[in-house]
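Scrolling down, you'll hit the structures one after another.
The following pair of complexes shares a single chain, chain A, combined with chain B in the former and chain C in the latter.
Now for the complex of A and B:
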């Protein structure tokens, strides 16, 4: 509409189209301001505060705004904190791989092998429904499942596969990994299914007519085309797993300390500056991971 | 294609995956009917609804202290309601703004989206530090509330953006050029079209806020919300009353989902009827 009216020869400065565009832009800015203001005040400012406070001086029960790098030095020289970084990265990597390995075949089935649209939607909904229960309840639900008198041990003993209950199932790194994989897997299944659903079936059919085996079709067509979905899912899962602490707190019996757990325990003992240092480290890790993911796949090009 | 083997294998795998997703909740639901002398594990001594009664405060004195659900439930619902209202309004406004092209729309978009990506512990910590420094008291209706909006507003925004993308602008322009005031146009033309999106945005905001926990942890002060009250019981021993609580909150969420479905269905039925009239 506006494009048409700019063709009419009017004075270049005050054409109605231009006026309207200006007015529209002002309206857009007006509509956007409250939201951007909210985000700047309540998200950006707090994050800057974390960075700032990480250089404050920590006394026994308080922080003073005298700048120092003491907290950083203590953090980087403490084996507890450094091993927390290691644990966080390890748990993140394992859960990420686990969600891809567990989720990909499911996405393959829903996205490519189910032709009936209603059934496809029903399966996706079935994957999402667990999200309607409380996050903490889903975490705690693993306790009666994995405990020494839990469902899995009871079933395995009844079947005579084991004679003693397996103790490594609960209150170990294993339970944290299983819990996180179950909770975050759907964030992997969703994006991959979406990308697989967009593959033109005739492409696969053409490949099959030309004599390609399923292995070849998968390697040459399906996998490359689904990769952006894997990347989007990885970003979701990474961000959530790296910032995690509740699963570790309730399923590991304090054996697994992620950076998130460090932050929680430091805040609990009023060591604000150390908590802030851990927060900055966590931010750096998350930013690096996302930057890496975006480097591997150019999302704007693929989506 | 070897889909004769592959398809059934994948189907069985998907079924196993669903069992993996639902298994813990099923076990939890079964164990919530444990008898009063039973623990949070198998075997079930006797089937009973004791822990449900315990949860609702209907039992005699017990060795297990009652879950602090009453007040915290009310607070959580109120907080979720406030969050829903504010984030839906912000979401609709920003998505409406993005219908016009303007400079800096890219950074603005990412600034909003960042709200759902930033880990809750980090913004929570930042907010707690900020409130400490500025001497603002921490409370669920203040520091927690603003963080809940930071979290849910991007979701509302994305939902509304998807709706506006499929929305023919000429309908609005027709109304405006017929001399209807912008306010009236929004109420009579725009709003009915975007209503399904608004409903979805509200549903998202409400459930995310109702269940939100990591952002709330450091910013809540002394009056707890429901997820925090539950989290507090984690550190000590757990009892089947948590399981009973889990079953009840799940039912509550499903009720919300059903209400949403009914509203949506009713609305689409109404819209279809209007369409039918026009075609006559």
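Now for the complex of A and C:
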């Protein structure tokens, strides 16, 4: 009797769906590999190394791999270093607020009130023009501006507003804050402008049609819709400010010690274990700040 | 009553609106029919106050509203793309106007809740208040947009192609609902559309906007059977418009319009006595289900259409490329003088 076979063939072939899935997985792996290699070689591995070295034994001229918590104890019991953490956090908070205060109105203008795309792009490019000079020149350029014989003091004295030059302007925390705000402001303007530009103009018109004044529309519609931009900008600014040392070194006259400056000076005097401790502390702070930012605004909804 | 008199709006060299005179009476569903680019959206934006007219006056019940900022005009605007607030829930969207308007905002949470719920049930969305805007369908978004506008009880509600973003099935259903909702609210709707069927179905009155002017404003059946001018006839998409000269001396001078369904076809030279006719080449036919359209090309190149209903066929069998005589009753033709 020859019946039609209803058995599926026993040969282990793959269905097209399975083949496609395999192919997709291969492609994903192919795209991920270079990044993964790079990150593990130059970030994960060194990070582990830094944590490891922070427990090494530091002698005056050498560091050896005998494990000890001496460097940590010295760091956590020294008021100089603990106050550096405080200074770092204070400078970070003030610069962050300042970049939002200065950057948001600029972004609001470019993103919402300029409707011509070409003009918008031109204005954004204009914000980047200062970056065509080197970082150090931009920082040092504040000296002739803020110094006792600097532009601001000269103008204020000529106008008769002050009789003595203002000394707090340069080589103080103030000059560090001014310099950092100017340098990092553009990283705040960009993301906020982008988010504001994505707001459908008819949404704002609809709010207006429903009877809301501009102030209310700003608070209830524009600000909430642009918050993810503020968050992304804040993450950029935070990461850069927390790791800063150059602005403080050249504008504070060594009066302001950030964690970054400690790392630089400790590495300079070959105190590797101690620099590693500061590095680990700094990394923990940055991680905490980013985690906090991501908790406030859910970026997943905006992707 | 919303009145526009001699309203003009220009953008540089182009004139979008050129002296529009227009009245939307109380408690009326008014359709505004216009081709894309005819200035219909501009007209709505002028009324809502998003733009100001270069000339002319806009008033409601005798009170001038042009020059007032849009948030104080008390006019509802339903956007074509709905323009819902993406970060708020359905209920927050709907209550936005009550809560945040500059004029007499409502701060009593119970009242806000009650009114939000009642307007949501009016548009058939009870129980959807807590949903996110991204979690509802296109038709539901349309209703939220309408509810959000209605809750403020504006004096006039402007709808900018409100059904344009919906699929055909939903469009038919929303048509009926919009009419029913308006009748319950007893407020005037001004519904802008580019579709003549939509305008005729929805409107208690239909206005035709063409070349920056309102060329006719009438009840739908009057407009359909008696367009006053060539422009109005052309927008109805149901009239053949051609030079009177094509019919010989019988029709005199000017432009003639004859409805698609009032033209008969016969072989060359077999036109019954007393009926004006013109000769045209049969191009092709198009079968649309209950009706069939036949296309002809007149001697001067004008395209003519004849509609035939399957239940009552009146056209002979025709061969593509052959010439036929198209004739009609003398009183079926509308004659216009002046430029076409």
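Heads up, the rule we're going with is that the second predicted complex is superposed on the first by the 268 of 303 C-alpha atoms of A that agree within 3 Å, B and C clash if a C-alpha of one lies under 4 Å from a C-alpha of the other, contacts with A are read in each partner's own complex, and residues count from 1 in each chain.
The rule is short, and it goes like this: a residue touches a chain if its C-beta (ideal position, glycine included) is under 8 Å from a C-beta of that chain, and two chains touch if they have at least 3 such contacts.
Computed from a predicted structure; not experimentally measured.
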{"item": "Superposed partners chain B and chain C on chain A - clash or fit", "value": "fit"}
{"item": "Contacts of A:224 with chain B and chain C, given as first, second, both or neither", "value": "second"}
{"item": "Touching partner for A:111 - first (chain B), second (chain C), both, neither", "value": "neither"}
{"item": "Which superposed partner A:233 touches (first chain B, second chain C, both, neither)", "value": "neither"}
{"item": "Chain B versus chain C as contact partner of A:209, first or second or both or neither", "value": "second"}
{"item": "Superposed arrangement, angle subtended at the Cα centre of chain A by chain B and chain C, nearest 10 degrees", "value": "90"}
{"item": "Partner chain(s) touched by A:28 [first = chain B, second = chain C, both, neither]", "value": "first"}
{"item": "Chain A residues touched by each partner, larger count belonging to chain B or chain C", "value": "B"}
{"item": "First (chain B), second (chain C), both or neither touched by A:136", "value": "first"}
{"item": "First (chain B), second (chain C), both or neither touched by A:190", "value": "neither"}
{"item": "Partner chain(s) touched by A:246 [first = chain B, second = chain C, both, neither]", "value": "first"}
{"item": "First, second, both or neither for A:200, with chain B first and chain C second", "value": "second"}
{"item": "Shortest CA-CA distance in Å separating chain B from chain C in the superposed model", "value": "7"}
{"item": "Chain B and chain C contact sites that coincide on chain A, given as residue numbers", "value": "208, 213"}
{"item": "Residues on chain B engaged by chain A in the complex (per definition of touch)", "value": "1-3, 6-7, 10-11, 13-14, 17-18, 20-25, 27-28, 31, 39-43, 90-91, 93-94, 96-100, 102, 108, 111-112, 114-115, 117-123, 125-130, 132-133, 146-147, 149-150, 153, 157, 173, 207, 211, 213-214, 217-218, 227, 230-231, 234, 238, 242-243, 245-246, 249-250, 253-254, 257"}
{"item": "Footprint of chain A on chain C - complex, ascending", "value": "48, 50, 69-72, 74-77, 79, 81, 83-87, 96-97, 100-103, 148-149, 152"}
{"item": "For the chain A and chain B complex, residues of the former touching the latter", "value": "1, 24-25, 27-32, 34-36, 38-50, 53, 65, 102-103, 105-106, 108-110, 113, 123, 126-127, 130, 132-138, 140-145, 147, 149-151, 154, 182, 185-186, 208, 213-214, 217, 239-240, 242-243, 245-246, 249-250, 260, 263-264, 267, 272, 275-276, 279, 282-283, 286, 290"}
{"item": "Sites on chain A touched by chain C in the complex", "value": "200, 202-203, 205-213, 216, 220-221, 224-225"}
